[in-house]
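What follows is chain A paired twice: with chain B in the first complex and chain C in the second.
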Partner chain A sequence: MRKNNLKGWLYLLPAMLFLGAFMVYPLIDVFVYSFEEGYNFASQTYFDIGFYNFSYVLHDTYFLQALKNTFLMVVITVPVSTGIALLISVGLSAVKPLRNLFQTIYFLPYVTNTLAVGLVFMILFKKTAYSDGLVNLLIHWFGGASVDFIEGPYWAKMFVMCFYIIWVVMPFKILLLTSAIASVDRNYYNAARVDGTSAFRIFRKITLPMISPTIFYLVITGFIGAFKEYSDAVALFGTDLNAAGMNTIVGYVYDMLYGDSGGYPSYASAAAIILFVIVLTITCINLLISRKLTRGFS
Partner chain B sequence: MNTSSQTNYEQISKTSARQKRAVHVLVYTGLALWAVMVLFPFYWMLLTSVKSYSAYNGERFPRFYTLSPTLQNYADAFTTVPLGRYLLNTLIFTAATTALMMLVIILAAFAFARLKFKGRNAVFTLFLSLMMIPNELVVITNFATITNLSLRNTFTGLILPSVTSVFYIYLLKENFAQVPDTLYYAAKVDGTSDLKYLFKVMAPICKPTLVTIGILKIIECWNAYVWPRLITDDENYYLVSNGIQEIRENGFGRENIPAMMAAVVVISVPLLALFLLFRDKIMTGVSRSGTKG
Partner chain C sequence: MKVVLQNLTKTFPNRSRKADGDVVAVKDFTFEIPDGKMVGLLGPSGCGKSTTLFMICGLQEPTAGRILFGEEDVTSLPPEKRGVGVVFQNYALYPHLTVKQNIIFPLQNLKGTEKLTKAQMEEKAYEAARLVQIEALMERKPGELSGGQQQRVAIARAMVKMPRVLLLDEPLSNLDARLRLQTREEIRRIQKETGITTVFVTHDQEEAMSISDVIVVMKDGVVQQTGRPQEVYDNPVNLFVAKFLGTPPINLFDGNVRNGRLYIGGADVLGVEGAADQDVTVGIRPEGFILEDKGPLACRLSGIEVMGRDISVVSAHDASLNPAVRSVINAEKQVDTGGEMVRFSLKPNKVLLFAKDTEERVY
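Now for the complex of A and B:
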């Protein structure tokens, strides 16, 4: 037994070393950082302990802008992408020929480098001095005036941002929803059809309640993912997100840590903790709502 | 189910067949529409990458096809900017990270699944609770740690923080636990050591799961952006994500979009090829893990 004890820990040792050094220790340290006021990276000194870092971050106009951007992205992309994914998945489940081909195509955005494909989206939407870009061409066809989506008005930038986020998160949602729909027992459908139930009613009364756990899961992970939006924004608007007015909370954390405005790990930590608290709160609210709704279904 | 209800059901399904066809047309139109949305950016990058610089810039309104495709942009992508370097770096980073991670998680999963020792369940619970820690919270200190160890702009600094994944340990442990105990005791009777049993018996049996985890990690590494950006500012250590950002901001004199698109194609192809090869493994793996959100 003694020998076995030692052996077990030995097998765990590499994982524990890595997790300890790069997860547990940093987790404690980030709270320490966030309370050290005026921390200096070079000399590793600080003036005082307190809540100044949090107050600084909460009063920083860049952070407030990032907060607003992130909330807008979350509020727009989560319902829209879940809704479209649900429509597509229901459609996919209703047909047989070509289903596999469609599923393969729909999954492609998942296996692409977001920075690389973001560049393609930028080119599609961008308007330069000598070319209006493809999207503006389409707008012209429908009689509209051209807009620069990358360096133009705020709503236009937010539109591309949300459009790209939805494009990126769609594969995961479609995949989970189609497999959830496929796992619903066929007997329910057959029974309903014998009773002459309409397709829409079948969807509302059988499919939707049966797949509701997956939908709630997708909404919750969607919220979490959208709150941590960053790379997609860089892909569209470049690394200087503050100048573009399109920074996100995570972008703010990294900018504080490193980059032109960087070197402030204390502010970065405070912002990261604020983000964590927001995500935690919203996840708890989501869980409560989903529990209540699921109870209503059954 | 008796015969009368059987015929009744068939009748109903027959009458609904015509209505069904109309619905099918609608459904296929919708599905095709989204397929075009997904594929179009890929088509556009491919198309732009074979347009010549002058042809592209001569189009006030972009054209949907080209009659004189050229591969010049691909040559430019490899000669004007160090795209080959970025690819090689990413390959080294991906291979080393994935290999190291596999070793670490196999050992840990084996300890949790098969070995009996004091405190095992407590540690396992602790591991599981670590799954809830978001990366954004720990990256700040990791950045400080790696900087203080003077490991910036090194592969070691790039690789170390990404070596463990609690989730994959959990996934693998579940799979290991399904391997019957009798095999283990038989091997013990034969005098096989635990380590030999693990790599000669257990790992081969669980190969499908190992392959899935490996592929998911490769995808993650290939697309890594945030950590490499923090930890490298020397172009010689850029991975493809940072490389493409560098190309966008400083390479090719900004406006050479066809050459940029050629670079984008080169970066996208390896993962797309991997996906087409391991389609089912990747899709089941992702639906089980659901990490990327």
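Now for the complex of A and C:
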């Protein structure tokens, strides 16, 4: 028995070593940094221990802007992308011919490089010396005034940002949802049809509850993913996100560490801890809600 | 409500690229299910029995032929307009709804003048639940019920709209042996109590024989024989039906008929007046053997299985088409287990003769 135990630990050792060195230790370190005031990498010194880093970060207008941006992105993109993905998946499940073609098309963004997607969005939205971007052409065509989506008003930039995020995260959601819908036992639908259930009621009363675990999974991971948003913002607005007013929390952390104003590991750590607490809280709430709603499922 | 099937045919497009032509699931099925009777569609898997059931309930559209409920042609009606209740093989109970919500589900779909109030729905649901004796389980989820209880809930859900025809797809196949016995009596009771025309599908001949008023034996989409269970058992029209019905299965021998006498392995075993001289496949039901010291059919004894009421004598014979000849004999008879040979005479009405080529019954 003991020998078996030893063997088990031995098998776990490589993974534990890696996780410990690259995940657990840095996590603890970040936590420690966040309380060390004015920590300096080079001299490995700090002035004091306390909550000053948090206080500074929470009063920093750049951080507050990043916080606001991130929250807006989360609140807009998660429900919208999940909702649209659900609609598309239901549609995909309903059509027989060309289903594979559509599935491939919808999945393309998933295998496309973020920066390539950013380039495409530039063509769509960015004003240059030669053109106002394709979307502006459309707006003109309908008689509207041109909008600068990349360097213009906040709402326009936020719109492009959310559009971009939704477009990028959708394929994965569609993939999971179509397979979830396909795995619902045909007999439930047969039984419902015999009873003359309307298509909408079948969707609401049978399909939706049956695939709800997948939906909750997507919402939870969607929240986490959106809170960690950074690279997509860079792809659209460049590396100086503070100037564009489109920074995110992760972007703020990065800037504090390596940006122009870099060299502040203590502030970066405090901001990272704040993000961690937010994500943890929201995920716990999500889990509680999903447990409550899917209770009694086999 | 009698159900009439006229020349019912269903073909599916062939999925295999090599083979040409459509797959015929059901071919030219004509049959009248009498009002208030219980009919068992019986056959091996792939014989088209489930397809027939799904055509009656409207989930599949026949390629040709008509379906009538009474005098009304329902061939092109959608399932909900036919007034059928269906119990699916795995019951298809909605796992996220309680038993009560499951039973009420069909009632909530009613529209227009048929629409019921909440109280009426409850009342009907409890009525259906009483019929299958599950009133105590109304607030449970299907996952918390045993297989037999789930089966009852499925029946209650199928019955709650008072359908004209009740259809059951392999109703007992998910239950263990003891529960199967109990549930089949239960289904029979419910059917008798409501007088509802019932069609059920099974591959288990014992199940079909025990509770059906009429059985329909199918093979490869073609109806082989219809009739009362005992009738079909006693007088199968061909070798397939004879082999499919009965446990233990019928014993088969190579034999031939000469001058009105049946010979098996050279031994003159029985008089078969009226049968033409020819080589035949002989089918002898297990209960058709009489243990007799001077019996004409001599078999090598290989063992005896005691089953309480009966004993089963297992033996071998050179002309036998099965590895073992199995005969069922009353347990009160003494069998000499020490002997090497065992001799039988045969009961004339338990011996069936089939043509070698067509497998049709010839005697």
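Heads up, the rule we're going with is that the second predicted complex is superposed on the first by the 275 of 298 C-alpha atoms of A that agree within 3 Å, B and C clash if a C-alpha of one lies under 4 Å from a C-alpha of the other, contacts with A are read in each partner's own complex, and residues count from 1 in each chain.
The criterion applied here is as follows: a residue touches a chain if its C-beta (ideal position, glycine included) is under 8 Å from a C-beta of that chain, and two chains touch if they have at least 3 such contacts.
Keep in mind it's a predicted model, so treat the numbers as computed, not measured.
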| item | value |
| --- | --- |
| Residues of chain A touched, compared between chain B and chain C (which is higher) | B |
| Contacts of A:4 with chain B and chain C, given as first, second, both or neither | first |
| Partner chain in contact with A:210 - chain B first, chain C second, else both or neither | second |
| Which superposed partner A:190 touches (first chain B, second chain C, both, neither) | both |
| Touched partner set for A:201, first chain B, second chain C, both or neither | second |
| Chain B versus chain C as contact partner of A:145, first or second or both or neither | neither |
| Touched partner set for A:172, first chain B, second chain C, both or neither | first |
| Shared chain A contacts, counted only where both chain B and chain C touch the same residue | 190, 193-194, 196 |
| Chain A-touching residues of chain B, taken from the complex the two chains share | 5, 8-9, 12-13, 16, 23-24, 27-28, 30-31, 34-35, 37-39, 41-42, 44-45, 48, 57, 59-62, 103-105, 107-108, 110-112, 115-118, 120, 123, 127, 130, 133-134, 136-145, 160-161, 163-164, 166, 169, 194, 219, 222-223, 225-226, 229-230, 240-241, 244-245, 248-249, 255, 257, 260-261, 263-264, 267-268, 271-272, 274-276, 279, 282-283, 286-287, 290, 292-293 |
| Complex contacts: residues of chain A adjacent to chain C | 185, 187-188, 190-198, 201, 205-206, 209-210, 294, 296-298 |
| Partner chain B, residues of chain A touching it in the complex | 4-9, 11-12, 14-16, 18-19, 21-27, 29-30, 33, 41, 84, 87-88, 91-92, 94-95, 98, 102-117, 119-121, 123-124, 128, 130-134, 137, 140, 167, 169-170, 172, 175-176, 179, 190, 193-194, 196, 199, 217, 221-222, 224-225, 228, 230-231, 234, 238-239, 250, 253-254, 257-258, 265, 268-269, 272-273, 275-276, 279 |
| Residues of chain C defined as touching chain A within the complex | 57-59, 78-81, 84-86, 88-90, 92, 94-97, 105-106, 108-110, 141-143, 157, 161 |
